[in-house]
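Next come two complexes built around subunit A: one with subunit B, the other with subunit C.
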Partner chain A sequence: MAMYILRRLLQAVPVLLGISLLLFFMMHSIPGGPLAMYAHEPGMTKQLMAQLSANLGLNKPLWQQYVDWLGGALQGNFGYSYSYGIPAAQMVLQRMPATLELMISAFVIAVILSFIIGVISAVKQYSIWDYCMTILSYFGVAMPTFWLGLMVLVLFAVDLHWFPAGGISSPGIPFSLGDRISHAVLPVSILALYLIAHESRYVRSSMLEVLGADYIRTARAKGLLRRTITWRHALRNALLPVVTVMVMDGAYLFGGALITETIFSWPGMGRLFIQAISQDDYPVIMVEITMLSVIIVLANIVSDVLYAVLDPRVKLG
Partner chain B sequence: MALATQPLGIRPAVPATSQRARMFKRIFHKPITVIATAFLILVALSAIFAPWIAPFQLNTPDLSSMLAPPSATHWMGTDDVGIDLFTEVLYGGRISLMIGLSSAIIAVVIGGTIGSVAGYFGGWVDAVLMRITDVGLSVPLLFVILGLTAILGPSPTTIIEVISLTSWMYPARIIRSRFLTLKSLDFVLAARTIGVRASRIIFSHVLPNAVAPLIVNTTLLVGQAIVLESVMSFLGAGIQPPNISWGFLLNQAQGYLTNAPWLAIFPGLMIFLVVLCVNVLGDAIRDAFDASFSAEGGR
Partner chain C sequence: MKKSRFALGLASSLASVSLLLGANAFSIPAQAATAGSGIVIDGLFEEPGNLNPILGPDETFSSIVETSIFRNLFMVSPTNQLLPDLATVVPTTANGGISKNGLTYTFHIKPSAKWSNGQPVTSKDVWITWKMITSPEVNAVSKLGWTDVTSLDIVNAKTFTVHLKVPDGAFLDNCFSGNLPGIIPYSVFGKMSPKDVNTASFNHAPQVSDGPFMFKSWDPGAAITVVDNPYWYGPKPKSSEILFKIIPNQDTLLTNAQAHAINVWYFDPVEDVGELNAISGAHVYFANQPAFEMAVVNLRDPNLADVRVREALEMAINRQAIVQQIWKGHATLLAADQPPMAWSSDPALKPYPYNPVEAKKLLAEAGWKMGSNGYLQKDGKTFNLIYATTAGNAYREATEQLVLYWLKQVGIQVTIQNYPANEYFGSVLPSGKGWDLGEFQYGDGTDPTFGPFQLFTSAGSQDFGDFNNPTVDKLFSQESVLSSQAARAPMMQKIEQIFHAQLPALWYYAPQQIDTTINMTGYTPDPWSVDTWNCWNWAVTK
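Showing the complex of A and B:
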């Protein structure tokens, strides 16, 4: 097991290097660049421009810039934001709690509801409930998140005034839990709905497979309560394949929250990312990209290992 | 195809046409699949024949009816300069559907090739190709998409390239795992023994046996690509005028969400319905293949 984890971690190194290399060069070949906005300032001379470029280290050959960045990044130094002059890593970390608030609430709600919906759908296969939930999950999967977000925003925030239209809290008032919750309701439900649509299907099909197994028939024959069989005997084994899917979903949520954050002006990492891209704030972009890729790569390893830990039949090769 | 499947010994000797007919029946035995397919055909036809069907001229502003709500003359209302939205949706469907279809097909071709080569040859070829696939899977996709469109410029061709370049990884993995199972079967060994070229074994002997998951994946990718195009347009990196797509219309609608919500409702509804129907069709095809595998003892 330890060897396997070690090997996977070692394999992750070239993958992460590849990602950073690829994105670094891509980022630098985007026309414009961080200095473009200064080019048309009055009084801007070629000399000043060269000076600016030298200050940011942009005059060096690209591979040298990458090596410099990599050297810094390995020591935890990701450089300073071009737009704000503060350490880029610190800027991203400041935004992290907001994103985590959104993600964790959506994830927890989604996991709980997916289990309830998935299990009931499997137990009552082909019932009205099952069909309704199937249709709902088709809707959830096919609905573009941002469109649903916009529609929900217009309906519940603009027309009905049930919830605020954006942001994480009302400006100018002291912290209040009710205020935070009312701001979070819409974005969290949008994210959760999408997750539920995906995950409840996995729970359902996994449960269906388990419910047909011999040991469930034995449990029934012994006269155990139906409820006990479903929630204790069957669900435990049905959990296995679902857990790995959920771990990956959680990791992708980091990236997926980007659109939801943009729509609901949520001050999280996703919005910072979009902002950094539009300002060509290279250091901030690189921090975000590195973090996202590390999370996804690690989640991949965790989900594989978890699968083997939970199911002794699985051999890690 | 027949040559490749016979040595497996899992298909009964029936003429191909009747097998195809049974497959067709199995896919379309549920009414919902028929409805979904009919809807997709309708949308495709109306996109192809948009210039003949559209009730109004595209790009001819009518300043006397700006932001008009849906009515008998303007079925889906009009936009901020009085262009009929129904007309725009018809024309927008051309680009949205074209992007969806072509990028899915290109992605499956790229992914299929990479997956087959990796799975068939194994060893270091497999290791290198799979690490590249891992990079693709772990990369923050939206950034790549935004970056590539910024570099290449937002034409429909670019968008197809960008979407297919960012979605070939799943078909690659699926095909690779099919190849890992199939390549050790006797018919591959037999082909190798009589000296068939590797490229021929891959493409005409093994690949036809892996075609079922590919078809299912293609349908799913079509839906994803249409959604991805609209997300790109929403973030301002999608189709630019004079081309229009459903995503572009949604992007335009953002400024009028409160006073003209129909501008957002109808294009969004089209994306939603098409993706929904594509997924329904994809599931039906998968079920049909699954049924045919179990019925013929293939699995």
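Showing the complex of A and C:
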């Protein structure tokens, strides 16, 4: 197992290098560029633009810019944000707690509810409950986040005054856990709804497959309680494929929720990423994508290892 | 069995706790925060890049926060009058502040002007500002005017003189009015190497400032807070704090206004005016602003090089209908680039009329004949134009649909091609490729000559349409060295007449600035500055 993990980690190195190289060159080929935001400035001339380009290191050949970036990144220096003038990695790390607060809350709620909904839907296949949950799943997947987010803001913040209209906490007051939770309820619900919608479908289909297996029929024939068969024998085996999906979903959480964070003014990494893209803030884009790539590659390895741990029939090698 | 029960219990508890806590115990916290606390909440659509008044890039949202904490020698009133701010008096030739040859300016700083650390604002602060702005290593927000300064002599702590290479009629406007750029403290930057200025910690936590408020905190992505500055020389602010809440979505800003979670919303979309007026305690302000909306003509296209064709395009588009239908009357039609409120505007010039019959006639004179496909043809080619603008802008997208319809009426086929703003201004417009008519807005500062110089002269860095008129270039070079507006105005009017006749852009309108306040007094829109120009006067009423 240790050798397998080591081999996978070594294989990940060229993959990550390839990703960074591809992204770096793709990013620089997008029209616009970080100097566009300076072009409107009073008195801007071609000479001053050239000076700015030199100050930001954008006048060097592209391959040299990449080598400089890679050399810095390997030492933990991802450069300074062009828009903010502060270290790009620091900017991302500042936003990470807000993103994790939002995403982990949504993920935990979604995982628990997905299991409950998925299992009950499978056990009561083609019942009213199953149809209702299927419709709810389609609703969750089909509803655009930007629209649903705005609708819940209008309903719960403007009309009912139950929750605040976005943000992570109330401005001008000291930290309060209750205040943080009240701000998190709407964005967490929107995110959780989406996750529940598709993860509960995985649980349902995985459960249906297991419930039709011979050993479940044998368990029923032996007179075991239906509840015991469902939750102890069937769910454990149904977990295997679902765990892989959930580990990967968990990895994507680090990218932040681009639209939800924007609609709810949540100061997370997703919003920072959108802003960096719109301003062609290359150092920030590279930090976010590099970090996400590393986490996804690691999540893949964890998911494979976990599969082997959960299922003794799977041998890694 | 126990584990299953635990999972079920945990799930239902989490769901109920989060719902109950949110629903009952913590309703409307933002409103509760403002009530009687003296905190004004200003909704910002974008997070400022930095709060250093000399650093770029130029962003309205940096300027909003900076104006509350940094002042300059002069400020511009809502009626476009230059008034003393840190300085005691506006220098003129009459009061001896400007030498007769226009090359030397003398400034006096108010004895009461102090930084937020209690130290006086002195000539040394202005000297270090000049040094840093003109350093090539500093990514300054603007070097305009400053690069013509040959020396800055400190006469004493409160008096200094500036010597220019050439007379500059816009020197005070460009260098010492408003806050971009503003004055930075010598105590912070005096010993700093210019290369360190771009990344100084001061840029995100300016602990020394000279405005009515001073910096308190910046929660990245969430809010910036400023508190009243006890050392400010002006009237005591009526609020103890201003909280700049970052809300990066126009629809969410509207819901925040409707939920009374913000007190100020600067530059509101015109399509939200109805909903804003319906908010209790809201006051919606409309103010003319020195800006012009236009569609720059790409003169590299040989079809558009014929001025008769450009005139036909201008007359084929019903711009009055755009003003009425899209802007609900909150805009003024333009004859050329100068908004009527600008001192340089020619009042005798009138906008082109909407006249599709005359437009067809002009197109026929230019050799275009109606083809069997319903579009004009010349040399076997259909008259097709690419109309481009920034993506995701509601009023421009609505305008495009109307332009497409009106130009089709005269036989011109229009293809709409929109781009993200950075790509549009950074690559598409400068390249001259992928567009024939490029719509955007230019916001003039206090000096209305700068925008047209940048956009329509061979020396301008944003001559996107490749307009080249030696008379215009010569007039600009002549007016730029005159110091009185009275002397510059006839030259600017001549330039405006050429722009009206030559149509380097299709002139549309000057939109009004729309701002909203909720449960607040003391707000006065100033089209020459930003919303915070008189923020010491702001007070919450609920």
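FYI, the second predicted complex is superposed on the first by the 300 of 317 C-alpha atoms of A that agree within 3 Å, B and C clash if a C-alpha of one lies under 4 Å from a C-alpha of the other, contacts with A are read in each partner's own complex, and residues count from 1 in each chain.
The rule is simple: contacts are C-beta pairs under 8 Å (C-beta built on N, C-alpha and C of every residue); 3 or more make two chains touch, one makes a residue touch a chain.
All values derive from a computational prediction rather than experimental measurement.
Please indicate which partner A:19 is in contact with in the superposed arrangement: first for subunit B, second for subunit C, both, or neither.
Touch partner of A:19: subunit B, not subunit C.
Output check: A:292 vs subunit B and subunit C. Expected answer is one of first, second, both, neither. What do you get?
Touch status of A:292: first partner only.
Per the contact definition in the header, classify A:214: touching subunit B only (first), subunit C only (second), both, or neither.
After superposing on A, A:214 lies clear of both subunit B and subunit C.
Give one of first, second, both or neither to describe whether A:273 is in contact with subunit B, with subunit C, with both, or with none.
The first partner, subunit B, only.
If you stack the two complexes on chain A, which partner ends up touching A:116: first (subunit B), second (subunit C), both, or neither?
In the superposition, A:116 contacts subunit C only.
Subunit B or subunit C: which reaches more residues on subunit A?
It is C that touches the greater number of subunit A residues.
Can A:182 be said to touch subunit B (first), subunit C (second), both, or neither?
A:182 sits against subunit C, while subunit B stays out of touch.
Please write out, lowest number first, the residues of subunit A touched by both subunit B and subunit C across the two complexes.
In subunit A, residues 30-32, 150, 153-154, 158, 262 are touched by subunit B and also by subunit C.
Residues of subunit A touching subunit B in their complex?
Of all residues in subunit A, those touching subunit B are 11, 14-16, 18-19, 22-23, 26-27, 29-32, 138-139, 141-144, 146-147, 150-151, 153-154, 158-159, 255, 258-259, 262, 273-274, 277, 285, 288-289, 292-293, 296-297, 300.
Would you tell me which residues of subunit C are touching subunit A in their complex?
It comes out as residues 1, 3-4, 7-8, 10-11, 14-15, 18-19, 21-23, 25-30, 32-34, 37, 39, 41, 46-47, 49-50, 55-59, 136-137, 139, 141-145, 147, 174, 198-199, 203-204, 219-223, 225, 241, 243, 245-249, 251-252, 255-256, 258-259, 261, 419-428, 430, 445, 450, 454, 461-462.
Over in the complex, which subunit A residues touch subunit C? Could you list them?
30-33, 35-46, 48-49, 51-52, 55-56, 80, 83-86, 91, 94-95, 98, 105, 108-109, 112-113, 115-116, 150, 153-154, 157-158, 161-173, 178-179, 181-186, 188, 227-228, 231-232, 262-268, 271-272, 275, 278-280
Which of the residues in subunit B come into contact with subunit A in the complex?
131-132, 134-135, 137-144, 146-148, 150-151, 223, 227, 230-231, 234-235, 250, 254, 257-258, 261, 264-265, 268, 271-273, 275-276, 279-280
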